[in-house]
Amino acid sequence: MSNAVVDKGAHRASSLKQARLPRWTPYALVVGSAAVGAGIGTALGMGSPFQMGLIAALVFIIASYILGAVVEGGRQARDRLATSLVWVCFLLAVIPLLSLLWETIDRGRTVLDGYFLGHSMEGVQTILPGGGAYHAIIGTLEQVGLATLIAVPIGLLTAIYLVEYGRGQLAKAVTFFVDVMTGIPSIVAGLFILSFWIIILDFGYSGFAGAMALAILMMPIVVRSTEEMLKLVPDELREASLALGVPKWRTILKVVLPTAIGGITTGVMLAVARIAGESAPIVLLVFGATGINNNPFEGAQSSLPYYIYEQWQLGNDASFNRAWAAALVLIAFVMILNLVARGIARWKAPKSGR
Amino acid sequence: MKTDIEPTSSAAGSPPKVRTRSTGRAGDKIFLALSRGSGIALLVIMAAIAAFLTYRAAIAISKDEANFLTYFEWNTGSSPMRFGIAVLAYGTIVSSIIAMVIAVPVAVGIALFISHYAPRRLATPVAYVIDLLAAVPSIVYGLWGALFLVPHLTGLYTWFDDYLGWTGILSYQGGAARSLFTVGILLAIMILPIVTSVSREVFRQVPKMHEEAALALGATRWEVIRMSVLPFGRSGIISASMLGLGRALGETMAVATVLSPNFLIETSLLDPGGGTFAQNIASRFKEAGNDGRDALIASGLVLFVITLLVNGAARMIIARRKEYSGTAA
Amino acid sequence: MAKRIDVSGLTAYYGTHKAIEDISMTVEPRSVTAFIGPSGCGKSTFLRTLNRMHEVTPGGRVEGKVMLDDENLYGSGVDPVSVRRTVGMVFQRPNPFPTMSIFENVAAGLKLNGSYRKSELEAIVEKSLKGANLWNEVKDRLNKPGAGLSGGQQQRLCIARAIAVEPDVLLMDEPCSALDPISTLAIEDLIGELKERFTIVIVTHNMQQAARVSDRTAFFNLAGVGQPGKLIEIDETERIFSNPSVQATEDYISGRFG
């Protein structure tokens, strides 16, 4: 039995050196396989860079594996295979995502100007250039604002309940259903408000109806992120305050919340960014409008996501341009919210005990 | 704030001289009531969602002259109504499966790229950009999918048809590539950021000492990943995938913009046609009458139940994994 | 196949920070060499340069030569993976793979290096666990998770895992610092047995431990915070603890600083 061990050991111990491919091999392979991909692509008359890219990626993966296997042996070859796969994954994913951003910026900026931001589609012939998204921007701001007003207090208080008070069956149930709520598709939230608010209570389509659906989507996100942040507050702080005889509710308001406020704000802003892009409930509940309606409680409104959908549906170049421009506005809005939120998180991070 | 500085905790044990100020006690009660009330409100909303959807769905299904689960058409304008979800269920599941098959391996690859392969100077910005992309609204993906992705896929599909058309499921008759497969690709791109972020976070938490243990045994980088990173991250990958699957199943507007729907189950995944629950609701809503809206609500209820099952399954898997590693740790 | 280690002019960096400077020493085969010194003196860093684990840390970089018998670990064409296979390592905190059973943990290194028949594997696992004085305690539960053992058992499991691949050298980075006295004693006894077969280098904070287990002792020190660590002297353990040739060593050992 131990013979085998010794043999393998002795054989292995003979040298630390391994035949290695030179360091520039991967780069050479990238160039080579790109050339092969382009070559095959052109030879077969494939117009799309997609196919060429796929061929190049395949050639790269296979070539690095075979080269590795021949020169360096099986284990190193598998290592190289994994490395090249991971790099290809990265490229595969980054290309469409960058293309999305590029297309939106490139095509959106053609009609995005002050006029676009300041005018509605009222009386605009949809196949002609002109018009704007002012009414949609107003709609988005009002609907998201109302949703935030509904969702944040409930979400915040629920999180406080779960972290500061929650023990027992009720807390368990709430935790479980917050999880369930996180998974609700936005269209289902929309259908619920539709059945309850519009069909049964017989209210009309309005920005507020949409806001309620958005609030349902927002609540679990706020609860989750606030919970995380409250849990980060060290118990010592609570105990120190309680030991001074400060009542629990004041401890929470004056000690716990201020400590976690940065993280909570970040969470709320990310949640706002998330629901600002929701279009499905808007289709069902706000119904869309071409003119300006400043009252979210009465009558149909538009919103940026809805506006993009509507302009896309119109199906002509002028409307496509408007759709891209609105998409750019929406992305900018969401991205700014994200960046600011992350900025706050970073800025506040050391104080919240991380 | 002198009034508050009084030990509330000892008030319970109540030595006679220590009196709790009413502000403290009443405040505590009100605050507890408010926060507990919010928790309860949340439960009530969930119950209401289930109740109202079920109620309207029951009305619709009782008026349905066809089998709701197996019928292939969606006629809610005529009387009697005949509608069924067979095509929608097929389309939803198939497009989501395609999305998962593409997105999960790629997302795990990117997560590994960020956590273990990329040079640091690249890893941080890549991680940041991926996180930001998770925030891009779905309608923007839809617009990009319809106006950019679809035209660029026809070539690829023709190519698939040339070499793999004999399989039937990858044949392609030409025309705009607004098919379930395209929807799958678009959904994959959409859920990629979220699956990547969650997996990356898990990979980052792999204790250094487990990786060093593998390294010290003479493991290559891939072997380190296989021995210590992937086993540690498995439940995280599963929960990330389920999160992505939940999004894919319920995605509405992106699908509605890209898909050219019909009520047939096409053999080929590349040919236009089919539909998903969410897309069908969004596309038909404006033309639907009162009964039609109830029928759509019924299909939405099915979608709701499916997503609940998926999330439940994910949670069970994670819980079981936790138990295992809990006894092990 | 214990081998001699010959280090000459070794300097290691973390990014731009020089962690240890110009270290030269010889580690004799089939003996235990202990590294002692105050915190931050670079003894662990130096240990990690002996199996090229140092460069795993981002920014980690090494200059100089480490000869293992007649091969330079940092020579061109040398594969760090083969180096780590030849120079095993045991860490400060026991780190069995949490998802693997006891058996799989011991066999983990073997499975990387080619295929073994099941009976072969079983034989090696048994031999390694016996070598780590753990066999009797775990032979009935080889398929249980390795992380379910006590801290001292886990550390011996890690030693079994390291010796299963028959390395030439075994590096131990404060292997007992996370253990209770009884487990520590068990490991110290084990080290005494293992030196019959391996070259052992151990980093320790505990001077009594150095005195108990080692044949030779190296004392490291640093001139001040931010300064690189240096080797002050290396000699027979007895001499270091009774009559060291450098004043700083004596100060450290007698507890006057550090």
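A, B and C label the chains in the order they appear, each numbered from 1.
Methods note: contacts are C-beta pairs under 8 Å (C-beta built on N, C-alpha and C of every residue); 3 or more make two chains touch, one makes a residue touch a chain.
Nothing here was measured: the structure is a model prediction, and the numbers come from that model.
Asker: In graph terms, nodes being chains and edges touches, is this line, ring, star, complete or other?
Answerer: Topology of the interface graph: complete, with all chain pairs in contact.
Asker: Per the definition of touch at the top, where is the C-beta contact count highest among chain pairs?
Answerer: A-B
Asker: If we define chain centres by averaging CA atoms, which chain lands farthest from chain B? Would you check?
Answerer: C
Asker: Give, as an integer number of Å, the spacing between the C-alpha centres of chain C and chain A.
Answerer: Here chain A and chain C have centroids separated by 46 Å.
Asker: Could you tell me the distance, in whole angstrom, between the mean C-alpha positions of chain A and chain B?
Answerer: Chain A and chain B have C-alpha centres separated by 12 Å.
Asker: By the touch rule stated above, which residues of chain A touch at least two different other chains?
Answerer: Residues 75 of chain A touch two or more partner chains.
Asker: Tell me, which residues of chain C touch at least two other chains?
Answerer: Where chain C meets two or more other chains at a single residue, that happens at 81-83, 85-86, 112-113, 165.
Asker: Going through chain B residue by residue, note those that touch at least 2 other chains and give them in order.
Answerer: 220, 223
Asker: Taking the touch rule as given, give the residues of chain B at its contact with chain C in the complex, in rising order.
Answerer: Where chain B meets chain C, its residues are 120, 207, 209-210, 212-220, 223, 227-228, 231-232, 325, 327-329.
Asker: Once bound in the complex, which stretches of chain A touch chain B?
Answerer: Those in contact with chain B are residues 46-48, 50-51, 54, 75-76, 78-79, 81-83, 85-90, 92-94, 96-97, 99-101, 103-104, 153-158, 160-162, 164-166, 170-171, 173-174, 177-189, 191-192, 194-196, 199-200, 216, 219, 223, 242-250, 252, 270, 273-274, 276-280, 283-284, 305, 308-309, 312, 320, 323-324, 327, 330-331, 334-335, 338-339.
Asker: Could you pull out which chain A residues touch chain C in their complex?
Answerer: Checking each residue of chain A against chain C gives 1-2, 4-6, 8-10, 12-13, 15-18, 20, 75.
Asker: List the residues on chain C that touch chain A in their complex, please.
Answerer: Touch list, chain C to chain A: 1, 68, 71, 73, 75, 77-79, 81-83, 85-86, 112-114, 116, 119-120, 123-124, 127, 165-166, 168.
Asker: Per the contact definition, I'd like the list of chain B residues that touch chain A in the complex.
Answerer: Residues 4-9, 23-25, 27-28, 30-32, 34-43, 45-46, 48-49, 52-53, 55-56, 105-110, 112-113, 117-118, 126, 129-133, 135-144, 146-149, 152-156, 159, 189, 192-193, 196, 220-223, 225, 246, 249-253, 256-257, 277-278, 281-282, 285-286, 290, 293-294, 296-297, 300-301, 303-304, 307-308, 310-311, 315.
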